[in-house]
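The same chain A turns up in both complexes below, where it pairs with chain B and then with chain C.
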Partner chain A sequence: MVTAINTGDFKSKNSLIATYLIIGGLVIAVMMIFGILMLLAQGGVLDLPPAAFYQFLTIHGTGMIGGAALAASAVMWYFLSNYVELSKKVFKLNLILSLIGVVMVIIGVFSFKYASAWTFLYPLPALSGGAWGVTGALLYLVGMLILGVGFLLLYIDTGRAIIKKHGSLGKGLGWDVISGKRAEKDAPSPTVVASTMVTIVNVTALTAGATVLIMNIINVVNPAFTFDPLLAKNLTYAFGHIFANSIIYMGVIAVYEILPRYTNRPWKSNRPFLIAWTMSTAFTLVIYTHHMLMDSVMPKWMLIMGQVLSYANGLPVLVITAYGALMIVYKSGIKWDMASGLIFMSMFGWVVGVVPAIVDATIVVNHVMHNTKWVPGHFHMYMGLGAVVMIFGFIYYLSKVDSGLQTNGLDKIGFISYTLGIISVSVGFLISGAISTPRRWATHFPEWMAPAVFGAIGGVLAVLGLIIFIIHFIRYVKVRGISGSDINEQKLA
Partner chain B sequence: MVQTVAWIVSLIFMLLIAAVFGFVAFKSKEKRDYEPIKKKWYKARTFYGATLAVVMLVLTIYTLRELPYNQPVYSAGNDPTIVDVEAIQFGWKMSETEFKVDEPIEFHVTSTDVTHGFGIYDSELNLIAQTQAMPDYTNKVYITFDKPGTYEVLCLEYCGLAHHLMIGKIEVTE
Partner chain C sequence: MKQTGLGIILYGILVVPPVKAYLESIMLLHMLVQLPLLILAGWFIGDRLIKKFHPFFTAWNTDGVPGMIFVVFITMYWMLPRALDEAVTMYYIELFKFISLPLVGLFLKDSWKKMQTLGKGFIFLNYLSMFALMAWLYIDSPIQICNNYLETQQKFLGWGFLVITIWMILYLLQAVFTDHSEKAE
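What follows is the complex of A and B.
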């Protein structure tokens, strides 16, 4: 690992990283509470008015994606800045714009009753059936736009820095190594490769997102301006699918960086690794059509490709990244602690969460499972047990190398509680999906209630675990810089 | 039922993955040189990767044989009943709601306002077919009910505050 020279730089960098992570972590925890309340309402335990339910639904989806993306971008920035020269000003600007966006979204949802869900499918923002007005819609949509612009600037900067160091984004993905023009030993590090992929897909996603947000904003202001709802849907899912997916591709950088330190085994880019990441880049950009398998007016070839490429997109993670993680840990004598345990668990979460996704990407299955609770079953596992665990694994790692802060039995309880909690939430959703429970319903028929209650109990366990993680992180922020520093990074293995 | 197969297949693969991760975690306490491990498991990866790709290819071909988008081939004199469906916040307008068992039906589904989801549930609340109800577009559902009973049409795309109340009824008789 390349280390910085100036101690002041490190403190300032880690302070910014800590700010990102603490905001992201707290947002995730609060959003989990909204999630529990929704499950309790669906389970018939809590009497929640539908308006409140759908406002919670909107804030839960927006907040989870936004909070996790914010924290995951900090993970990426922390490690990528060791290889290329990133702009701290842009990183700060993203945080500021994100906060402005979040405040606008919160005001739009809770003060002006805006509740379009985070997918804001055109023309729902303008046609609420009298539930919310122009102000609420504009606060939400403009807030999302500001958030998106912040992230777009961040990825333009990562792209700029990668191009400056490596020559092009193609070289950042190691295409010159794949083609044999450059030796494998000179290949870009896994962190650079993953960051290049995220840069490419997220610049695309955020451009699509900004386009559809602006179109919706104009439609809200002037309903006489209309546009093609199918185009809008394509843009919305191109944005939503890719941006949500990118969270795990940013988070996995923590896996590439942390596991080698704990096992004393290298994790370097080789040709299969680079090919896998190029596959992930291409597939992630185009497989959003698996969200539109029930739009038979779409060109049939696009829908078939949606299934075929969704299957194929499982290969890079199943054959390269997860396999690599298993290989590096196998008979390594690894020292298990909170950081290494969470990082290993996150790879399990990613892989296990891919299974229901691939199943649901099958057109004949999607025909009877699309928009049932099977879908949140997949992404709660993938995000809750994968991406979010990568982020918290990184937090424990950072607190260890930057402060020498010790963990205790409570942290272990948090680990168990969180893991069991998220598994229960996900299994509750999957069972609900298997019995055809629709997603995004404020109330359930009695037949559908039990798995929702089971999921809510799991959610409580997960929140308890998360609170323990956050307490540890707050303790780190308090002692940071007093005991130890990552300039003298401890030997972990 | 497709849902049961999906659930069982997913469960088997998820448990298999859990077993592999559990085994590696269990074996992680031993310490061995990495080079021989890499050599052995890179070789195994080629086999594993190829097997996985072949399995996925076979599953792809198998599951793509019959798609819900394809109009069935109707026998002579057995033309389908065309049902025009219009979704509107927050209800369903259907040109017909009473059908016979074994009667081929085509639901032509659109929306007058926002996007909705047209989901047909049988009397045991199992989802048996669906499509999106989009403004400006018409999606089709091809179905032949094989059991009599009361079927329900539920909205499967979030469309506003009364989304969960958007329920229609279909009667199928012998």
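What follows is the complex of A and C.
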């Protein structure tokens, strides 16, 4: 299954992967601190000027999505490169472009007070009421564009490589197996299927994103050029929703690859699995319309479609993956350690996080819950306890197979602290939502403050846990090449 | 060489004053017919020139990237509304148009065959989003952008860009979803 890779190549591949993961992990940790500061401000504990709150909100949203996407793309690249021939140059270029983009975004937000939130909804970048100027907006928007270029190149490369190996993106999703033209045993591996899906949705998202970013840039430079705001919103959320969602679909590759190594049972793409992934590909592309449920000018059929499909969005893949994970672990005598534990936990976080999302995607409920903290409640659960935990699981996996570095009691404490922390953050948000606290409000009424403070305490626990994970990973980077093996993955089961 | 002749004839027709005047009288024809045809003329003539100046092209445009950057910058310039406007009113901009665009065709020809799938894919997607944006800009603009062309002309052009965008999307879809298994790259 594993293509021949010579030793030197392997070594430098892993060091590039490690760089991605360390940067991603550190960005996530720092952004969590901004998250805690926001909650403390909302909880009345910290006296933060509203302008600073919105700068924090902007950097937190952008940094979390960017950092997690970067780290998740490393997970995808690491495993996908075992099946198809990817370009390391492009992978490196993406990292460089991402860093340039991030620096521009940071300067825009902190030096020039740019604070439109990561959704940069038109015409806000140009119409700040004097809160920020043209420079800040341009730094942010161009920074995002550069980030997008890096990722776009990466996905063109994965698409190219998949087509070269499997013939077409349809075949990468296993359509010929679904239609019965090819036997199930010759189906593309789960990693290829997931990567194909991510390639399709993210090329779409990034192209839409580039269009809407350049549009905003034109509008910022010359406000005489105006655009249709409804179309702008559609494109913006098509970009934001899809790109943010793709993180979990890249992360889940870690589940498909790591659990089989721990249980010595293969994870095969069978027909239901392939159908589920094709369905989620299609749904992910169209259900961003659930962000438009309050826009009564949208065609009704689109909103109804958005609602119906939102129920179904991630569901096919989620069900097939959760079921698969249970089956592969069941009576397998799996050895639980940090990597397998985190991977299993991530499935739990994903499942639990989707439930409130589904509730919210109902138009009737959405009219009440829309723009309350219920929304961050559900996505913090499936991002914080789902997507990024897949990444952390991968970190422990990599350090184990690549260096043989042992974990200790501290790592276990990290695991517990992180899990409890994120659950508290999410529950805090959900309670706030249930008592109708609006999201994205810098200042709260006294009766809204308690859940925010509760969440902040949870946030501290989560950061402590994450710092322990990062320390472990830095230790790994230091010892790799000295102990353990660089060439062969050790047997885990 | 048949192609070279074709290119020269095409160029010749485009500079004939009545043809030029007619194409430039309608915004859509100006942007989406005259400009592409000038590029096409350069593309046709390109073969002979590339062969003749082979050392130059191999030395300066080894992997096709420098040539492509030239192409992108020049075509981006000609997508700006005011570029068209100025071409109609200022003779030296007009002159620039008749020189720069055939050069675009020339470099496009040389670069496209040298570039790898990754670069080509990136360029293609770039133009896809740029054309989509142009469609949006011209259809939506509440003001008259050019001195020489009316708002209705602008909208017309916008729909032209939209049609191109849709074709590009369809092309892309068939390219990635039809089977390339047999073809060894």
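The definition used in the following text is that the second predicted complex is superposed on the first by the 484 of 493 C-alpha atoms of A that agree within 3 Å, B and C clash if a C-alpha of one lies under 4 Å from a C-alpha of the other, contacts with A are read in each partner's own complex, and residues count from 1 in each chain.
Heads up, the rule we're going with is that a contact is a pair of C-beta atoms (placed from the backbone, for glycine too) under 8 Å apart; a residue touches a chain by one contact, two chains touch by 3 or more.
Worth saying up front: this structure is predicted, and the values here are computed from it rather than measured.
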Combined model on chain A where chain B meets chain C, clash or fit: fit
Touched partner set for A:296, first chain B, second chain C, both or neither: first
First, second, both or neither for A:135, with chain B first and chain C second: neither
Chain B versus chain C as contact partner of A:228, first or second or both or neither: both
Chain B versus chain C as contact partner of A:90, first or second or both or neither: second
Chain B versus chain C as contact partner of A:438, first or second or both or neither: first
Chain A: partner with more touched residues, chain B or chain C: B
Touched partner set for A:367, first chain B, second chain C, both or neither: first
Arrangement angle, chain B at one end, chain C at the other, chain A at the vertex (C-alpha, nearest 10°): 100
Partner chain in contact with A:82 - chain B first, chain C second, else both or neither: neither
After fitting on chain A: smallest Cα gap, chain B-chain C, Å: 12
Residues on chain A lying within both footprints (that of chain B and that of chain C): 228
Interface residues, chain B side, partner chain A - complex: 2-4, 6-7, 9-10, 13-14, 17-18, 20-21, 24-25, 27-32, 34, 37-38, 41, 45, 48-49, 52-53, 56, 59-60, 63-64, 66-69, 89-90, 113-115, 117, 119, 121, 125-132, 134-140, 154-164
Of all residues in chain A, those that touch chain C in their complex: 87, 90, 152-153, 156-157, 159-160, 163-164, 166-171, 203, 207-208, 210-211, 214-215, 218, 224-228, 231
For the chain A and chain B complex, residues of the former touching the latter: 50-51, 54, 57, 115-117, 119, 121, 123-124, 127-129, 131, 228-230, 233, 265, 292, 294-297, 300, 303-304, 307-308, 311-312, 314-315, 318-319, 323, 326-334, 336, 344, 347-348, 351-352, 355-356, 359-360, 362-365, 367-372, 374, 430-431, 433-436, 438, 440-443, 445, 447-448
Residue ranges of chain C touching chain A (in the complex, touch as defined): 117-118, 121-122, 125-126, 128-130, 132-133, 136-137, 140-143, 176-181, 185
